[in-house]
Each structure stands twice: as structure tokens, then as C-alpha cells.
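Across the two complexes that follow, subunit A remains constant while its partner is subunit B and subsequently subunit C.
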Partner chain A sequence: MFDLYGYQDIFLKGAWLTLQVALLSLILAVALGLLAALAKLSHSKILTSIATIYTTVIRGIPDLILMLIIFFGGQVLINNMSYGFNEWINEVLTGYYPNHEWTSYLPDYIDISPYLAGIITIGFIFGAYMAETFRGAILSVSKGQLEAATAYGMNKYKRFFRIMFPQMMRHALPGLGNNWLVLLKTTALVSIIGLQDMVKIAGDASGSTQKPFTFYLVVALVFLFYTSVSTAFLKWAEHKYSIRTR
Partner chain B sequence: MTIPTISIRNLHKSFADNEVLKGIDLEAHQGDVISILGASGSGKSTLLRCVNLLETPTSGHILINGELIKMKDDKKHGPMPVSIKQVERIRSRLAMVFQGFNLWSHLSVIENVIEAPIHVLGVPRKEAIVKAEALLERVGLFNRKDYYPGQLSGGQKQRVAIARALAVEPEVMLFDEPTSALDPELVGDVLSVMRDLAEEGRTMLVVTHEMAFARDVSSKVIFLHEGLVEEEGKPELIFENPTSERFKKFISTVY
Partner chain C sequence: MDFSIIINEYQFYLEGLWTTTWLVAASLLLGLIIAIPAGILRTNNNWLIKGPIWAYMYFFRGSPLLVQLFLIYYGVAQFDAIKESWLWYYFQEAWFCALLAFTLNTGAYTAEIVRGAIKNMPKGELEAAKAYGMTRLQTLRRIILPGSLRRALPAYSNEIIFMIHGSAIAGVVTIVDITGAARVVNARYYAPFEAYLAAGILYMCLTFSVIYLFKLWEKRQHHI
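Then we have the complex of A and B:
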């Protein structure tokens, strides 16, 4: 169908990497989103403020800028912290043992892999969007549902996992699905921090073959394939849950 | 003297500055069917919801089978139970039927009935199902066991809710206006199930507006007015010879 000039295998790897980054980010985003939603709805002022700052800041800054800040800024931050720790511990030790020789207890330079940075950044960004989706979903479960669970002696974990979670998920599914599609497409940004995903490979390949249209068209088609499969799955899932809806 | 199944002493409950219950005493022995009457705002639902601590009393004592629910006065949160474990254990022996049914909408009828026995009381699944099917048969809804609550009428939902309550073999059944949300033609089915339960000697606390049920079925009637017991006694006595003017007026307007 498409002649990829010998880039087929590496391109396939990139496509798989894109999917991995997306799925792992999704797991992180769902977990963070749930926690932030519960924090926002909790009675604790501190938790509510932390969650509100998180969602406000993250949703107010472009994804691209956030990714650059977390990747480069995070790198600097971690290395400074690591270096600072080494300084401090050596100073303390020299105070006790004047003959102590300067040693790096933590590595002086920690390299964050673009893979991990990408997943953390995207998970972190979409956690903020998920939080709003989950918050709405939790609020749409009627109070009586949990009250009945309480009245029958369920503890708070059973109330959440057996009653709240399955009921909120059907309210959350449309929003969750929407966030997933946007998240999937946002993975294209990890190419700028050097991850060998399919967007980066397409860029490299079109540079050397002078066929940008071919390569970017294939990238577009792979994304379209991923999103179409997702949409079909979401439609099925929503239908499955809506049968029980009232 | 046997130990009362429920004993409530000097119960007070306030919401912010609004004192809803102003010192209620109530005792229920095994087999008692107590109807709690009163105008809206008299505190009757709040009283019922204090029994299983869906509302936390401001002060007073609640004993279930002689076991005191231990309360403390927390500096930050106000009055609260000492042990949430104790409260959960006691709740699991009291079953509640709500005005708005509150069937779990993501579970089918049979799943609603087996949920608490399996996940709270630890009854083996097979055993719970056998029992649930018998209970659904009893309330006339065995053929609806795989339906979801959204597919049932109000009267059917409330009968499922009663089956769910019976499934935990409760020591006391708490009914919070069980027929108030039903269309008039559906009230009869629910009341007849409740009548059967009363006749087989279940201990029941029923907040209701159904005068006929209170008069004919209950062993005792309590009439609340502005957070206090205004009139109480055997229904045949107090319906014939009410001592309180307010109760007299109440029954004449409701009839």
C-alpha cells in the first residue's frame, strides 16, 4: 500500500510506542483524576485547595509548554536536588570526621528518559481534566444510593467500590472517552522531547527521504485507526452500561 | 422483663440552630410494630434515621438489644460515634426501607437482594441466592429477578426493597414513609406485604401517613409534634379517645 523506504519496522515500533505512552498515561491520569475529584469533594480545606490549584494551573497552561517545563525543568530540579543533597551530607560528615573525602552518594547527574517524562507529563495534564469529569460523575450519583449502602452496614471502601464507582463510571464514560481521544493525540507532543514515537520517526524519515507527505499521512492514518477503534469500543461500553440506566 | 430490642432515651437532634428532636424516649420490644405519626417537620423521619445513625444524634442514648451505641463529643466534628465498626455492625442488623426506594440502580433485582448478605454479612453466594429467590417469590416478584430497578414500577421497587431488607434477617425493620412516593393504586400491594410481616411477629418501626395501617396493624402508635411525643398508646385507645387536641385535629384532617 505505502512504500515506507525501509522504515516499516522502525515505524511499527514507533506506532507501538505511541500506544504504550498513551495507555500508561491514561492509567496515571485516571488515578490522579479520581484522587483529585475525591479531594475536591472532601471536607478537608487543604485537600480541596491542593486539588483546585492542580486543576486550575494545569488546565490553564498549553500542553506543549507544560511538557517542556516538566521535562527540562524537572531535569534541572532533580539534578539540583541530588547535588544539593550530596553537598549537605558531605558537609555534615566532614563536620564529624575531618578526614572525610567528598563522595557522591546520589548520582550527580540523573537523566530522565523521555519515555518516562512523556508518560508522567501527559498523565499529569490529563489527570486534571479527568478530575473534572469524575467530579461531575460522582455528583450525579444520587445521595440515596450511598445512603442505602450505609444503612445496610457497608464500610466506606465497600460503599465506594461496590456502589459509587460502578455508578459514577457510567456518568463518567462519555467524558472519559473524550479525554482519551484528546490524550491519544497529545502523545504526538512527546516527539519534541526526543522520544522515538511514530511522529519523531516520521520526521526523521521524511528528512532523509524527502517524502514528508507519505510519512505524515501514514502517521495520520495510524492515529485515525487508534481513535476509530477507541470510539467503537466506547460506544459499546456506553451501550453496555446504559441498559441498566435509569 | 426482656431486654428491649430498641431503647431510645432522651434523644435530641439539632440541625445547626434548629432543634428537630427535643428529647424523645421510645422502647420497642420484639414483635412490636410501632407507627410513628406526625405532620411534616415534626421530626418523625429524623427520629427513625437516628436509630441506625444515618443522622447523628446531638445527645441522648440509643441501645440495640441492650448494647449502647457509644458516642463521643469530638472537638472538631461535634457528636460522633466512638467506633464506626460498632455502628456498621449494628446497622447490618437493622434494615431500612426508604421513601425513595434507593435500590442500587446498577444491580439487577436479585443482585440488590443478595448484595448486603454477601458483602456485609459474608453469606455464601449460593445460599444467598436461594434465599433471595424465596423472598422475591414472597413479595410476588420472582419473575422480575433479572430486571433492573429502572424497569420496575414504584410499587414493584418498594417490594424489592422490602425483600432486600428481609434478606439480612434484620432484628428490626425501619420503614421511612414507604408508601408516600407511590401512586395510590400501588400502595395496597406494599401495605399488604407489610401487614404480613407484622403478623409474623417482625419488629417494625414505621414512619407513615397511612392511618388505616397505623390503626389496624400496629401495636403502638406514637404521635410527634415539634420534636416531642405528643400522644402515644395502643391504637385502639388513642384513635378512639385521643387526649391531645393536636392529635385529635391531626386524625380528623388526615382521614
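Then we have the complex of A and C:
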């Protein structure tokens, strides 16, 4: 249907990379979200306030800015820190051994890969949104269930994984699905920090072929395909997991 | 870390704040003008009316805003017909492309909010309107719109925040919005951490002011 001027293969790779980044960040986001939700509902004041700061700050700042802070700012911060460490340890050693030569104990320049930075940033951002979803879901499981589990002599972990988790996921599914759809579209931003995803490849390809509309339209259609498949799957999952409650 | 850079270059951020504010406000207003009729017509049973609106909403809600912006900003140049017409005068401008992309995007999301609010309309209200002998247009104006728009308000406040956050990509296509200002400052001093953190704080202030205003408004409505 579309003539991609020989860019089909590399474009497919980009499409797969986009999906990879999205799925890996989803895993990170779910894990962080669960932790933050549990922290918010815990009795420890410190944990509650850390989780509240995390969810509030993240949800107040655009994803792109967070990505730029973590990718570019993080890079500078890590390098300054490792340079500072090198300087300090060298000074200390020179104090003890006057003929000590300057050595880099930590690498002077650490390159953050955009792939990892992208996954970590997106996972970190959506962890905050997931936390709110999970918090609501945990609260909607009736207390009697947990009390019954305690009465059966289950410990904390068994109570969570056997009783709480299976029941809360049913309530979390619609919110989780929504977050996934937003996350999927956010992955387009990783092209800005230099990852060779679909959007970046389309940009490169349209530069050399002078067909920007064709390439970006194909990117949009691939995203539409991803979101459509996700929506269909979510509908099926919601239907499946609501049966037993009726 | 050296935040004196930010204080010295505060005019950039002020300019960026202004650009972000008017860009988002204009897109939201124009988007609302698209969304209300689109949301109403989407509930129509005729596929000739419903179909094109469904396709519009499906496309703009299913693909990333960044790709939509690129499609308009870079993509339109592919068509010689537009390049040779008076339209090119506007499509050359980054601000026009951003405004168009944001408007179409928020229009689609808001239309979905309007559609949802109309669909969840209590049936009794419609039946009562019918019993009073109101015509379809009267029912729409007097019953459906006031009720459903009020119910749509919390969802719409979320859409405003999404739009503020989404607008950050305008900085990628040379516009000096808050992100653009941070990019300029970073390019001058190579201080990414300070430059982007300052932008983040500005966005956060903008977001929380909107949330605060909406809370105030909702409270006032409950008092009446």
C-alpha cells in the first residue's frame, strides 16, 4: 500500500523497538506503581510522604521535560559525581603517597544509553499514574477478605499475593489499560533523546526521500494498529475477569 | 549546580510561559468548538454522519501527538499543491502547525468526553422532555447539553492538564514555549539539569494553578 523506498526493514526494526520500549517500561511502571501504592497505604509516615511526593511531582511535570531532565541532566550529574569522586580519592591518596599518579578509579565519562534512559524514564513516570490506579484498586477489596486470610493464619506476603493481588487486579484493569494506551503513545518521545525508534527513522527517511507525509503517516498507522490491538485485548480481558463477580 | 543562569535568563522563561499559555488556551478553545458538535453528532445513528467523526476521533486519539505535529509541520511540505497556494503562508509557521495539531488532538479527546457524558444521560430526563412536547433541538439545548457538560467537567479538567503537558513538544519544532526556552538556555550554557528543572517547575506551577481553579469552581457550583 505504501512505497517506503527501501526503508521497510529498518522501519520494521524501529516499530519493534517502540513496542519493546513500551512493554519494558510497562513492567517497570507496574512494579513501581504497586510499591508506591502500598507505600501510600502503609502506616509509616515517611513511606507515605515519599510516595505522595513521587506521585504529585511526576504528575505535575510533562513527560518530555522529565525525560530531558533524566537523560541530559542525569548524564551531567553522573559524570560530575564520578569526576568529583576521582578528584577526591586522588587527593586523599596523594596526601598519603606523595608520588601517587592521577588515576581514574571511576570512568570519567559514562554514556547513558538512550534505550535504557527511555525505558527508565517512561517506567518512572507511569509508575506514578499506576500508583493511583492501584491505590484505588486496593481500597476496593473488602476488608473482610484480608481479615479472613489473617484468621487462616496467612502471613503478610501470602495475604498479599493470594488474596489481595488477584482481587485488586480486576478493579485495576480498566485504569491499567488506560495507562498502557497513554504510555504506548508516550514512547514516541524517545526519538527526541536519540533512540532509533519508528519516529526517528521516519524523520531520517523523510529527509533523504522528501516524503515526510508518507513516512509519518505510516508511523501514525502503526501506532493506531498497536492501540487498536491493545483496546481489543483489554475489552476481552475486562470481560473475562468480570464474569466471576456476577 | 548553578541556578543563577536561570535567574539571569528569566526573560526567556517568561516568554516561554506566555507562549505555552496562549498556545494551550487557544487550542483548548478551538478544540472545544470542534468537540461539542462532533461529540453530539457522534451519538447520531446515521453512519454517514457518525462514520467520518468516528474516523477523526479514532485517528487523533490513537496516535501520538508528536507524530501528528510532525505530520503537519514536516509532512505538508510534500504536497506541491499546498506549497504553491496561499495556505503555505500559514503552514510554514511552526506556531500555526502546533496550534492546528493541538486543536485537532484536543478536539478529538474532548469529543469523546462529550459523547460519554451524553451517553450516560439519565433516560428519565429525556423521556420527561419528550412528554413535555419538546422538539429534538429544544431537548438538546435545554436538557442534554447543560446536564452533560456539567457532568463532563471533571474529565475536561484532566484534558486541560494533558494539553498543558502535551504542549511541551512545541519546543521540538523551534517554538520558544517553556520547553523551547529551556532548550535555548541549555544550548547557551550547557546546563541541562538546571535548564530543564526550571521548566519542570514552571509546568508544575501551571498544572497546580489549573487544578486549584477547577476545585474552586466545583466548590462554588455545589454551593448554589
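By our rule, the second predicted complex is superposed on the first by the 245 of 246 C-alpha atoms of A that agree within 3 Å, B and C clash if a C-alpha of one lies under 4 Å from a C-alpha of the other, contacts with A are read in each partner's own complex, and residues count from 1 in each chain.
We adopt the following convention: contacts are C-beta pairs under 8 Å (C-beta built on N, C-alpha and C of every residue); 3 or more make two chains touch, one makes a residue touch a chain.
Just so you know, these numbers come straight off a predicted model, no measurement behind them.
After overlaying the two complexes on the shared chain, residue contacts for A:T214 are found with subunit C alone; subunit B is out of touch. Of the two partner chains placed around the shared chain by superposition, subunit C is the only one that A:L189 touches, whereas subunit B remains out of contact. Contacts of A:N179 after superposition on the shared chain: neither subunit B nor subunit C is touched. After overlaying the two complexes on the shared chain, residue contacts for A:R170 are found with subunit B alone; subunit C is out of touch. In the superposition on chain A, A:T55 makes contact with neither subunit B nor subunit C. Of the two partner chains, subunit B is the only one touched by A:A151; subunit C is not. Touched residues of subunit A, counted separately for subunit B and subunit C, are more numerous for C.
Shared interface residues of subunit A (contacting subunit B in one complex, subunit C in the other): none. Here subunit C touches subunit A in the complex through residues 58-59, 62-68, 70-71, 74-79, 164-169, 171-172, 179, 182, 186, 191-193, 196-197, 199-200, 203-204, 207-208, going by the rule given at the top. Those residues of subunit A whose C-beta lies close enough to touch subunit B in the complex are 144-145, 147-155, 158, 162-163, 166-167, 170, 243-246.
Of all residues in subunit B, those touching subunit A in their complex are 52, 54, 84, 88-96, 98, 100-106, 115-116, 119-120, 148-151, 164, 168. Of all residues in subunit A, those touching subunit C in their complex are 57, 59-66, 68-69, 72-73, 75-77, 185-189, 191-192, 199, 202-203, 206, 210-214, 216-217, 219-221, 223-224, 227-228.
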